[in-house]
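Read from first to last, the chains carry the letters A, B, C, D, E and F; within each, the first residue is number 1.
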Amino acid sequence: MKLVIGIVRPEKANDVLEALYRAEVRGLSVSRIQGHGGETDQVETYRGTVVKMELYEKVRFEVGVSDNFVEPTVNAICKAGCTGEVGDGKIFVVPVEKVFRIRTGEEDTAAVTPVL
Amino acid sequence: MHDLISFPIPLGAVKNGIDSGDTAWMMVATALVLMMTPALGLFYAGLVRSKNALNTFMMSLGAMAVVSVTWVVIAYSLAFDKGNGFIGDLHNVFLRHVTNGPRTGLAIPELVFVCFQASFCIITAALISGAVVERMRFGSYLVFAALWACLIYAPMAHWVWSSNGWLAHRHVMDFAGGVPVEMASGFSALAAALVVGARKDFGRQAILPHNGVYALLGASLLWFGWFGFNAGSALTTGKQAPLAFTNTLLAPATTLGVWMLIDYLRGRKATAIGAATAIVVGAVGITPAAGFISPMSAILLGGLAAIPSYALIVWRPRTRLDETLDVLAAHGLAGFTGILFIGFFAQASWNLTGNGLLFGSPIQLGRQAIAAGAAPVYAFCGTFILLKLMGLVMRIRVHERDEGKGLDVGQHGEEAYTRGEGAILIRPEHAFDLEYEGSAK
Amino acid sequence: MHDLISFPIPLGAVKNGIDSGDTAWMMVATALVLMMTPALGLFYAGLVRSKNALNTFMMSLGAMAVVSVTWVVIAYSLAFDKGNGFIGDLHNVFLRHVTNGPRTGLAIPELVFVCFQASFCIITAALISGAVVERMRFGSYLVFAALWACLIYAPMAHWVWSSNGWLAHRHVMDFAGGVPVEMASGFSALAAALVVGARKDFGRQAILPHNGVYALLGASLLWFGWFGFNAGSALTTGKQAPLAFTNTLLAPATTLGVWMLIDYLRGRKATAIGAATAIVVGAVGITPAAGFISPMSAILLGGLAAIPSYALIVWRPRTRLDETLDVLAAHGLAGFTGILFIGFFAQASWNLTGNGLLFGSPIQLGRQAIAAGAAPVYAFCGTFILLKLMGLVMRIRVHERDEGKGLDVGQHGEEAYTRGEGAILIRPEHAFDLEYEGSAK
Amino acid sequence: MHDLISFPIPLGAVKNGIDSGDTAWMMVATALVLMMTPALGLFYAGLVRSKNALNTFMMSLGAMAVVSVTWVVIAYSLAFDKGNGFIGDLHNVFLRHVTNGPRTGLAIPELVFVCFQASFCIITAALISGAVVERMRFGSYLVFAALWACLIYAPMAHWVWSSNGWLAHRHVMDFAGGVPVEMASGFSALAAALVVGARKDFGRQAILPHNGVYALLGASLLWFGWFGFNAGSALTTGKQAPLAFTNTLLAPATTLGVWMLIDYLRGRKATAIGAATAIVVGAVGITPAAGFISPMSAILLGGLAAIPSYALIVWRPRTRLDETLDVLAAHGLAGFTGILFIGFFAQASWNLTGNGLLFGSPIQLGRQAIAAGAAPVYAFCGTFILLKLMGLVMRIRVHERDEGKGLDVGQHGEEAYTRGEGAILIRPEHAFDLEYEGSAK
Amino acid sequence: MKLVIGIVRPEKANDVLEALYRAEVRGLSVSRIQGHGGETDQVETYRGTVVKMELYEKVRFEVGVSDNFVEPTVNAICKAGCTGEVGDGKIFVVPVEKVFRIRTGEEDTAAVTPVL
Amino acid sequence: MKLVIGIVRPEKANDVLEALYRAEVRGLSVSRIQGHGGETDQVETYRGTVVKMELYEKVRFEVGVSDNFVEPTVNAICKAGCTGEVGDGKIFVVPVEKVFRIRTGEEDTAAVTPVL
């Protein structure tokens, strides 16, 4: 079991969702974060104060998958999230020891397989 | 039935031709209409994505700045000066010959009249922004607003409200601006949407209003201001003012009810965005008719006006036309409905001016039809040509990249909502050590 | 002390019985009161959880739609037509016999009078929604509002404001609606809360207002509108209008000060939600008394009115009664306080009508007590029965599941705040390939 | 050119000296100005960080509570009673001798005059809060507001608006409060910022406005109210009211345009916060001059006023002075500009009172200069001393820890925005089992 | 040391907090996310546009615990967060190499034991 | 590769950003969360209801670093985020199996080294 954490541009979030859907990844969680990488700067002004917006809006995907789903998941995010410009984001794959489905108490692979 | 007794004209104590009650009313009405433009900004800002909220609001405020000045410099003269049937002349540019004294035929100071009419021109220009939000360059929009006020609004106001206007000569009834405000803005919006083009995300992503509460509050404040707009268009507390006031309550209320019902019957919920829209549609529908039809006819008009506008709003997003906030449906079409409705339901016993078809005067319907035909054509073509010409000398749209990031950052260097974390202070730099900047190599 | 010289009645230049200054004022006052209903919607929306913000606002706007129409169709006639001591008859249904001409005894057009009174009925119906937010079905609430306007509001308005009403016959003093507005809404709210039942989370979770700024702005706009509400109730710029205006400034200001002080003395902070509430409580307290007591008495009333309402607001959540936004405390009880206060402090030198106990006329206290007794009973029982009967033919509450998800999604298919990510466009589908939907098997 | 015909005084039908149109107008104007104080609260609340939004708004509402009462108790008497050249006496304390009858020289009831002037004092006190938000103790601010109204505002209003005032004697022209409102608040703000000291994060972190939409809406509502503020200062619908109204449209519109242009030319974007500020600056600039200069001069003044205020706003954050929301630049300096401008551009043909230097009366410039010199000195010194004395008997600032957490939680026990999760209900505890609390050992 | 990541319904968040409190878990972090699983769809309408709300509001708990606390923590979340209907959420248990308490610099188990 | 998760006070977030910047950590993600630890309570009142604000606003840093960057990163957060009062927060170091740069598809260390 792995947890795939993908950080992408907000404007690409819908495309990533769609790509994951096509890759038959059914469970995922999304949150809004801010990130800093190598992007060029964005400067804002407030009444004589100049401010550098160091942080950019990003969307963070968190997807728990069984081991053989890691590759398709990573590929889906990579392809759908890519624009080729600095700031596209990163993917981290983190090992997971146990997964539980709260509704049923099922464990591990059973927990991430959707019941149809 | 009703006779003159039912239509008293209270002239108040007139001294030097000015009535204090009328003046009080018209100053308040003017302030109310001026308040409508920021209310529109709030309404529109709620309907866009949060990354464009400030820009959307700023388009309305920007219109207040440039159109106010344009109005007193030249557009007022073009609209209300004698001139010919099509447009006024330049007798009143820079408010020459305008004084504190009464405007001919009225019991209010001419200055108040100038401001009241200014408020109409301002909001009409601001309305058009709804068609092009989330992508039009702010500077270009300001230039457009000033030119549009002179070239489209002023002539159209002249047509119906100057004693010399060609539609006025044909006895077209337009109480508070079906022609120069509602149809002008609606069909200009259509042209603007076509020239500027669709947003890059349009039809590809779900684009949702970012704050429904703003939309509801904005629409409510618009309704509040509309009492000044319509009842103020009597230019006195007498004549049709009380009637127009009453109808401005009843028509939008009915539209709102009918709209919620349609929403519901279509197997859906009574949406809040729909309700906000309905208030606007109903108020627009009654705008040309407010002082000409009976309260019960206003209820009928309110109900009827919902239907075509609702249909257009449902249908429009299925097309490739990104007339973003549906100015055409809410203003152009509802104004059209209202103008024609007068042709059927005008009632001389209420308006002391003339009847419509149902009260024995079929010719009035023909007159209204002329207005309903001419206004869309002029507004659409004029705006289309104007924007195309502007496009030859300046950029009209923001760069696609900036559209993605949002116009708030791109055009105004700000975000609407922020909590401040992650923003690094650059200037003034006294307290923040420069070493930080230096350490980055 | 004061004599007639201190109480001039400016009738303006009356032509055909209409005074332009009075008409100007009453149109503005009506617009202000109409603005109060959305202001209430904003106030209430700020006090609920964000998942119910739109629904809460929509209840107020919905009341504007259905009550406006109900009013002109029938409720106005029931309230202000001659009829008997209890209720009017049907002489004015569909505004028959209502014209632009002056209403008997007044110098304003009857149409303006109709609208002014409509605005009162609308907001009163909207107030009750505060008791049942976050759980009542939207459609049922709209039906309730229409019926309530006819069955509860119209008779109670008739009692005190129709020359024929039984309380008017007893010389009860109620300037701007302690009986039909404040006590009627407050005690109806209590009945509604009992019939509809508590929210499922009530007393089990901390339910916090989702936006305190909305609550403060809403309460402020209510105060603004209340100047029209109270000073407009003079139905002229003369008589007690300036006094009512002054008292509408002083009483809520004092209530606000006293409320913050109590908050502080209880070892706590001066809360903002408390402040917003205090403004409403003070304005309610002065509502019945505005034109009858001196400005210094208004300050006293403002201070006194804070105490019982504060106590009830602190005590109510300890009970099982989920009268959610405390309409009973803020309106029912504060209105009760105001009605009784008149019995003590009415001052003929200010109101030219009569004195209270402290100025030599103990009988007035008795009259006020009759009103303070009858109004709660009728409002409570009437609303209780009405909702119970409605419950026989339709669902009053949403399903528990929908209550959990929030009424915005469940009743209106929308959310108040959204950023658009994660929402997938279904229709119009032209640009979005269908393959996507198809790939899901 | 213009003669008396261009300046009619509509007195309406005066009965017992009261004109209904004037009274209607002045009640509305008063309500509008009273609405400005919460609008200011909203404007300021948008400009601070979200953790201080409620506190910032509450400072304005708190001013409404304490200053209203202070005004009728004593400050009105100090300002408008005969007294000497510096201050009034105590003839009208507790509104003694104030009635519904007309105020001498006016056609409106004295009570309306009292309320109108109260609304000015309230907002002026509220303005100063902008200098000390995010750190001043709420209770101390309320005490300050009450004392400031008596000790600074009342005398300064007396100077220019009481027939007895020393500046009035010198024929200083100040239409709607350049001296007691704008310069008084601006220079008092400077003093307050110095005494209270900078925020601990000032100059060390980027502190951004948390909601630009509030700022825009607040500024827009301020503008709306300003029509009552300036045109109401004629105290009639006649005289300079229509002129003041017109100028209140044109000057801020021009300031807004010029401000956006400067923003743009400095290689930046036309900021929204800048636009909101510009509206205020323009309205302030025209405040003293509204009824004295021609509309074209108002446009000029609007444009000119932008420049010094813009410069100060850009420069101030580079200093160590944390005059947080730039009350000095937006009010003090713009008011100063307006007062001096009159000295050049006053035009007797419009104001029937006197000319400025450019129209042949250089002495007027000297008179204006006296006012422009005296007001800042008195306001600054008075406020400085007042706050220093207050500091001897009470804490003025919150503890540094509370400043970090935000004043909403610290001073009011609330947060502006919450969704309720994670908050645990403590009282009332009936439904929530006590075992929970007990299980924690 | 483990990091227990629990994703639950917002309406259950208070119950989970309470359950963790009873299980004597003292440190935790909470954030609001949106998730997609097998839930039935929720459709919204905006002026003629129909939108599928693919994502539901969820609350994400992140609890760093020493190894013998994993089971009680998982149990607490599972029980308090369960409604039995689709959409109850998941729990992931992720290995942690090191923990530090920022205030004191204490490491590992010491870092997650509250000082009383 | 490791993922360093640091939870700090919001008022310290700027300082932490600065410290990471100085430590030459270039990529990071930030989100706003709420947390509970041993902090003293904050009580709020709403119209007669008393409420305990169990949860405090915190800022969560998520920094993917190659192994030899773990120590500087932890140190930077620890130092810049510390006030010495209860509530300063925690740092968790989680193992990561793979990292990808979405823009280029680069993996692991290459993915977290900024391109200059």
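As a convention for this text, a contact is a pair of C-beta atoms (placed from the backbone, for glycine too) under 8 Å apart; a residue touches a chain by one contact, two chains touch by 3 or more.
None of the values given here were measured: they were computed from a predicted structure.
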A-B or B-D, whichever has more C-beta pairs in contact: B-D
Selected pair, out of C-E, A-B or C-F, that shares over half of its residue contact pairs with A-D: C-F
Centroid spacing, where centroids are CA-atom means, of subunit C and subunit E in whole angstrom: 44
Whole-Å separation of chain centres (CA-atom averages), subunit B against subunit F: 49
Subunit E residues counted as touching two or more neighbouring chains: 14, 17, 30-32, 34, 36, 44-46, 48-49, 51-52, 54-55, 94-95
Multi-chain contact sites of subunit B, meaning residues that touch two or more partners: 12-14, 19-22, 24-25, 28, 205-209, 211, 268-269, 271, 273, 317-318, 413-415, 419, 421-425, 427-428
Parts of subunit E lying in touch with subunit B, wherever the complex brings them together: 44-49, 51-52
Residue numbers on subunit F that touch subunit E, as the complex places them: 2, 5-8, 31-38, 54-55, 58, 60, 74, 77-78, 81-95
Subunit F contact footprint on subunit E (complex, rising order): 1, 3, 17, 26-31, 62, 64, 94-103, 105, 111-112, 114-116
Residues of subunit B defined as touching subunit A within the complex: 201, 205-206, 404-405, 409, 413-415, 421-428
Subunit B-facing residues of subunit A, complex: 11, 14, 34, 36, 42-46, 48-55
